[in-house]
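The following pair of complexes shares a single chain, chain A, combined with chain B in the former and chain C in the latter.
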Partner chain A sequence: MSLSVALNTAQSSLFAAASKLSVSSRNIGAANDPSATRKIALTATTADGGTRVVSITRASNNALYVRMLQANSDSAASSAMNDGLAGLQTTIGDPQSQTSPAARLATLSNALTAAANTPDDPALGQAAVTAAQDLAQSLNDASAIVQKTRAEADGKIAASVTHVNDLLQQFATENDAVVNGSIRGADVTDAMDRRDAILTQISQEMGVSTVSRAGNDIVIYTDSGATLFDRSPRTVTFQASPALDAATTGKAVFVDGVAVTGADATMPIRSGAIAGLTKVRDQIAVTYQTQLDEVARGLVSAFAESDQTGGGAPDAAGLFTASRGSNAVPPVFVAGLAGTIAINAAVDPSRGGAPSRLRDGGMNGAAYIYNPTGAASYAGHLDGLTAALNATQPFAAGAALPGNASVSQFATASVSWLEQQRQSTTGNLDSQKAVLSQATGALSSATGINLDQEYANQLDLERSYQASAKLMGVVNQLYDALLAVIR
Partner chain B sequence: MSLYGMLRTSVSGMNAQSNLLGTVSDNVANSGTTGYKAADAEFSSLMLDSGGTAASVGYQPGSVDTKVRYGISTQGTLNYTSSPTDLAINGNGFFLVKNTAGQTLLTRAGAFQIDATSGNLVNTAGLTLMGYPANDAAAQSTLNGTGGLVPVNIGNAKVSANASTKGTFTANLPSAATVVTGDTAGSNAADATYTAKSSLVAYDKLGAPVTLDIYMTRTAANPAAWEMAVYNRADAPATGSFPYAAGALATQTLSFNEAGALTSAGSIAIPVPNGANVTLDIAGMTQLASGYTPLAATVDGNAPASVSSVSIDQDGTLNAVDQSGQKYAMYKIPFGHVSSPNNLTPVAGNAFQVSEQSGDLQVGAPGEGGLGKLISGATEQSTVDMASELTRMIVAQRDYTANSKVFQTGTELLDVLMNLKR
Partner chain C sequence: MTQITGSISTAVWTGSANLAVPRLQKQISDAGVELSTGRRADVGLSLGAGAGESVLLHAARASIDSQTKSLALSSSIISRTQTVLSQMTSDANAFLQNMVAARASNDGGAVAAQQAQSTLAALTAGLNTSDGQRYIFAGINSAVPPVADFGAGPKAAVDAAFATKFGLNAASPQTDPKVGQIGAADMTSFLDNEFAGQFSDANWSAAWSKASDQPLSASVSGNARVDTATTANTTAMRNLAMAYTMVAGLGTANLSEAARNVVLDRATKMVGTAVTQLTAIGAGLGVSQNRIDHAVEALTQAGTLIDTRIGALEGVDAAEAKTRMDVLTTQLQMSYATTGKLMQLSILNYI
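Up next is the complex of A and B:
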């Protein structure tokens, strides 16, 4: 049997070399695909000494892959927060510009001082009213931007959730292919690559942890432990809010029936775009809105008029009203005040008011007139207003700023709070991006395709193929010699 | 008489060589036949009694007798293919097959394919592979007969489902979790609170998936105790978590020691609605200073799915693999063997029949006592070696010629004898 065995062995070697070459060509073809891993043809010696390709596996490194997923989730969370903060930052603009509420407040303060210095000049009074109007408008705009940022984050969460559900369906398809193929002993490496790529995309949306089971099956949990996929995809649900205002809280995201975002979430997720967007929608933007609302409330109460007759009537709104037509002075935090603050119609020339009331008072009737004689040189009320603007007053704790400050200080602190948040998030994002690129690089060098190595392999395979072919030629010649004997 | 004897002897020699050439031609013709075992001709001399030792008595030439032998026990080399139903044996066993007449035969020709009309596994010679149904344990223990053997039929593999019976659930419970003082998840109260939740998919008797919601609730700080409550997702309210329409399927208290290891019972029995009792192994649960982390989660059973392919294990188990990736045993393919395989009687189609000389048929499972392994995705090649056949042919040709020369010489000598008288 030896010649036949030699032929068989040479033939099996040819087949094995051809299979390995096809694996190598697959590797080269996928060299530019970042999710592709290096495929390896495993050979084994057969019973008669030949060789054959038993199975095709892929290079993998689970520790690095898990590290990459984690870095991906972290960086997606920071990136989402960074985008949200960039949206909020448009309320301030450039720190040097005069458009932020804090800058407008300073302008108003200067205008008041100028008017107090020359109380008989109606133009200066008019200028102070205009500055007040600009301030009210900038607070309205800022509040609108904050709520728009929240609504955008809410919409992005909805899109993310849809994407996750979609990805989980795709994951189910690939996971089935992997499990089914593994049992049959088929080549499942490509399906595993695709499955990993889908998992990477899921990790972008929410932090995940995985558990491997027999037959290459995978179970996915969120980083908090809620089940995302176990044989079948679980549903991730979220109800987008059609409109958000300062008084409403966005809905929570549910994974497999468990709340994973929101203040009372049982198993809150820690990373991924959804976690970042939730932080923007439910924390950062809400805190910033509270700060703006408190600035507005501080303004209304600083400019409030008090009863000058000694009749004990309650303080009434002066230059700034909590909303158009209202003259109440809110004693405590009111959500959304920054969105409704306006200047009093009594001083607004466009609404039939007289700017002189800023100097004289009386926006709320005769009892509140500070300058009953109408003396043109009266500056007491204007001085009082400037003093009130700089007087310390209490602010709500929810604003995450010092509780006792003047309105101007509070407005400035709010700007620096936002800038500081943005700076720290940007710093985090930069370092997380660095970690991600390092983790991706490490994973790629461990499991990725190296063209040099493939070329070297191919040279080896070519040599082996040639030698086997040569051997077949030799056996053939031997047979020829034998056949030549039979005439 | 010896001249005539010489003629007879040389004729018998020529006959013997032509028998040998017959085996050579058979072997060469079947050098590519799967499972073919090479035949060989052995000769034995047949001496005639020369009538004692006296010198006066002439030598009586005898003749040569041919015995054809088959190298049935010779292992052929394996040729790997891509079909899982191509089977080869690496060892001494034989496949048990049945011909159209219903007769059980042995063969090593394992190139089986599904017969479209019957759904049976049939080899190239039309012989049907026989096996035991996987759930027929009694038949599988038959050692000396073919009772209980049925044709291996994978054409009409049914849609089948298996209810879940066992599983594993391992997780780390956060040691820093706050103790739930109000209603726990096990109470099924509307305001019930819990610490963590996971879900597992089990299958009922009909193969319908039943999602089990597993709630873990911390009930005591020191010594640490947790409540594990399992609910059927189908009973869950439309909104919110609680209350479920029906109470918990199972509730168990888990206790942990100071080192965070489980000290209470290591398993929990969950009666799946319309299904079996699932024994969930929770012995690996820990309570350490880390977050809630599920570490292992498996439940057996499968949903009804049609068979997408078959796989055959080395021990002869033929498994159906359904579309959901679950596999379950359908048949056990046994091996037959006899004490003297080379004395089996060859019949058409690379098959062998048990003969008196071969010994009785015995049946065993692959892997047992030298019967060898069953290799799926390979066929056994013919044991014919072309080079040795050709050399044997050359030798036989020369021997035949030599015999004919002897015959020629004999006739020439007889001619001389005839010419003595004219």
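Up next is the complex of A and C:
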């Protein structure tokens, strides 16, 4: 071994230490970036005994990364559902408050009982009519809130879809950089980090699964199997509905021409914000609207007036009408009834009606008068109305509640249903958040940067650099000594 | 550099203690709300499927309050009716005593007629008693005063029947001198037929009373209703009106002694019957009052039970909430302290 070989070794060691220091300082610089991974400089021994940095790789753990993506999608879906349910919950408020249709209905029932006990007190009749008006209004409001929640979900789906398309474009850029860089043998670790960060963001919007191919290429599918990215980004399309009402269904999201949401979806996605929002828009809010509509229909039919003359005329709408001016009693479910239900103009003083018709009947003409003598303390009809409120009637199956119940029971069951949905979604969200935080922590620990460790490594490298430099000095002195002898 | 088993990244090292902070703060804020209100912070969320029951319980509570209020009103109607009924009974008893006295004296007829007139006026006033909102003897037709003043209403028909039967001066049959010639048998026949006819169902509701046969009532539990008053159409009221009219309106002052005794006997008998009937009505209302009292008692008990149930569903044990808050506060402080400590721990400080 000659002096020049020793000098070469010292030199290569010096370069290797410098490269490693530069990687370590990159790590320190990126320590605050949650998506950054720890970069590792791989060294190899050269033929003449020196070392050199052959490539830079990054710490990775695919199993933990996939688990984090899944937890991210699940928690985004639950979070979207939770937001939607929180919107719907404003129709109920606190059980103690008088916000929910169920509470308003109970108030009306109390007002009717009070009026039946003192039918000759016009103030109590008026109070019952006002309670009925409040109930109709609360159903109208609740229906509006439900449709607003659906419209918001629809708008958020549109925003999500735009975001996914943007992210897929960015993903394409980074993926190209990774694939091309890998062919050239360049350092692609930063591009890979950015690519992972983009994929994490996509998983927020819709559940994904990935397949790695040769050359660090990645293919993205939705969790249902539709292709999102394969060498080039696929288009995700969605047509937002300008207005949603109880009778309209929102449009589906398409990935590469395949429907991934909605009733006709061939590959329905299971997680991510879009899945959660779709569930709110197409299932939870629709079911709740059906419940409200059925409460409204139950009210119209419970308060309907029947022909008192024995003439066999059909029942006609009493205190509650399906819409302003209509006197029909709908026999089956009508979508959007809760939005249109109103009190009968014949009892509404602001529209020229008389509240006393609640006691006497006759909102639909003389044949429907229950109290022909106009006796002031006649309570028979009011008692009958209370009984009708508590009488069992059939309800539509789409409401996901017991099919046979009284209007009051049905309205209460609807409150229970919504709160139960909320409770279970909140519970899911909490546990999914815990899973996400745990998966993120595990991933970060496995692939993230530890400043102390980097600093300790740098001390190591400093020593090695000093030793190599010292060696060069020694070799230099040896050369000097040799040359002095020759001179 | 090799991967170290059990390694940890700086982000996790310094962030893990921080992660719990927002959750702890939310829980402390909830515990604060629970402590100040005594109810759960988000009742609907904590109850879930039980939220419907809570809505129903609050409604039931409101219903109990409103029923109690309307039963108190019904009670007051009953006492009002009882007061009027006992006044009528004492008027009737006074009338009976006066009849005995009238029979004994020579000018007893005139005195009896006078007294009958004022007792009839008192009966009319009693039947038209109103509590300010309703005429309590009018039955369900409570918006109109049930009976007309005798002089302004039924008197004409009674006078006409009297004048026609005995061929008297139609304008003022009572003062016609021919009244003195009416025999006892004729008077009996008149009282049994033409006079009694004035008080038949049809004539009673045409000339005397606008009341409904259906008395005021209140519902005590569910759909069970009890009467809270009686109506002016009951036999007792008709008998009283008939007896008083008999003595007041048939010229008792001028009748022969025999005919006068027929009238007085008949009136005494009818008033006696009516007093018994009034007592029976009073007893019936007493039963109603009793049922209302029981209903109020039951409502009070139900109210207490509902309050307990609402408390169990929505309430929070203040001691438990306070303890929880203390524990959470300690936890939060520890989390802050840990974060601070971890931040200080760096290899840089030791090299």
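The rule is short, and it goes like this: the second predicted complex is superposed on the first by the 484 of 487 C-alpha atoms of A that agree within 3 Å, B and C clash if a C-alpha of one lies under 4 Å from a C-alpha of the other, contacts with A are read in each partner's own complex, and residues count from 1 in each chain.
As a working rule, a residue touches a chain if its C-beta (ideal position, glycine included) is under 8 Å from a C-beta of that chain, and two chains touch if they have at least 3 such contacts.
All of these numbers come straight from a predicted model, not from anything done at the bench.
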Please indicate which partner A:Leu3 is in contact with in the superposed arrangement: first for chain B, second for chain C, both, or neither. first
Looking at the overlay, what does A:Gly311 touch: chain B (first), chain C (second), both, or neither? neither
After the superposition on A, what does A:Leu478 contact: first (chain B), second (chain C), both or neither? first
Would you check which partner chain A:Ala102 touches, where first means chain B only, second means chain C only, and both and neither mean what they say? second
Which chain, chain B or chain C, ends up touching more residues of chain A in the combined arrangement? C
Output check: A:Asn180 vs chain B and chain C. Expected answer is one of first, second, both, neither. What do you get? first
In the complex, chain A touches chain C at residues 31-32, 34, 38, 40-41, 59, 89, 92, 94-96, 100, 102-103, 106-107, 109-111, 113-114, 116-121, 373, 375-379, 383, 386-387, 408, 412-420, 422-424, 426, 437, 441, 444-453, 455-457, 459
Residue ranges of chain C touching chain A (in the complex, touch as defined): 1, 3-4, 7-13, 16, 19, 39, 43-56, 58-60, 62-63, 66-67, 69-71, 73-74, 133-134, 138-144, 212, 214, 216-219, 223, 225, 314, 346-348, 351
Using the touch definition up top, name the residues of chain A that touch chain B in the complex. 1-5, 8, 12, 46-48, 50, 52, 176, 179-180, 182-185, 209, 211, 213-215, 217, 219, 221, 223-227, 230-232, 234, 256-258, 266-267, 478-479, 482-483, 485-486
Mind pulling up the chain B residues that touch chain A in the complex? 75, 77-80, 84, 90, 171, 193-201, 209, 213, 233, 236, 241, 291-298, 308-309, 311, 319, 321, 323-327, 381, 383-388, 390-391, 393-394, 397
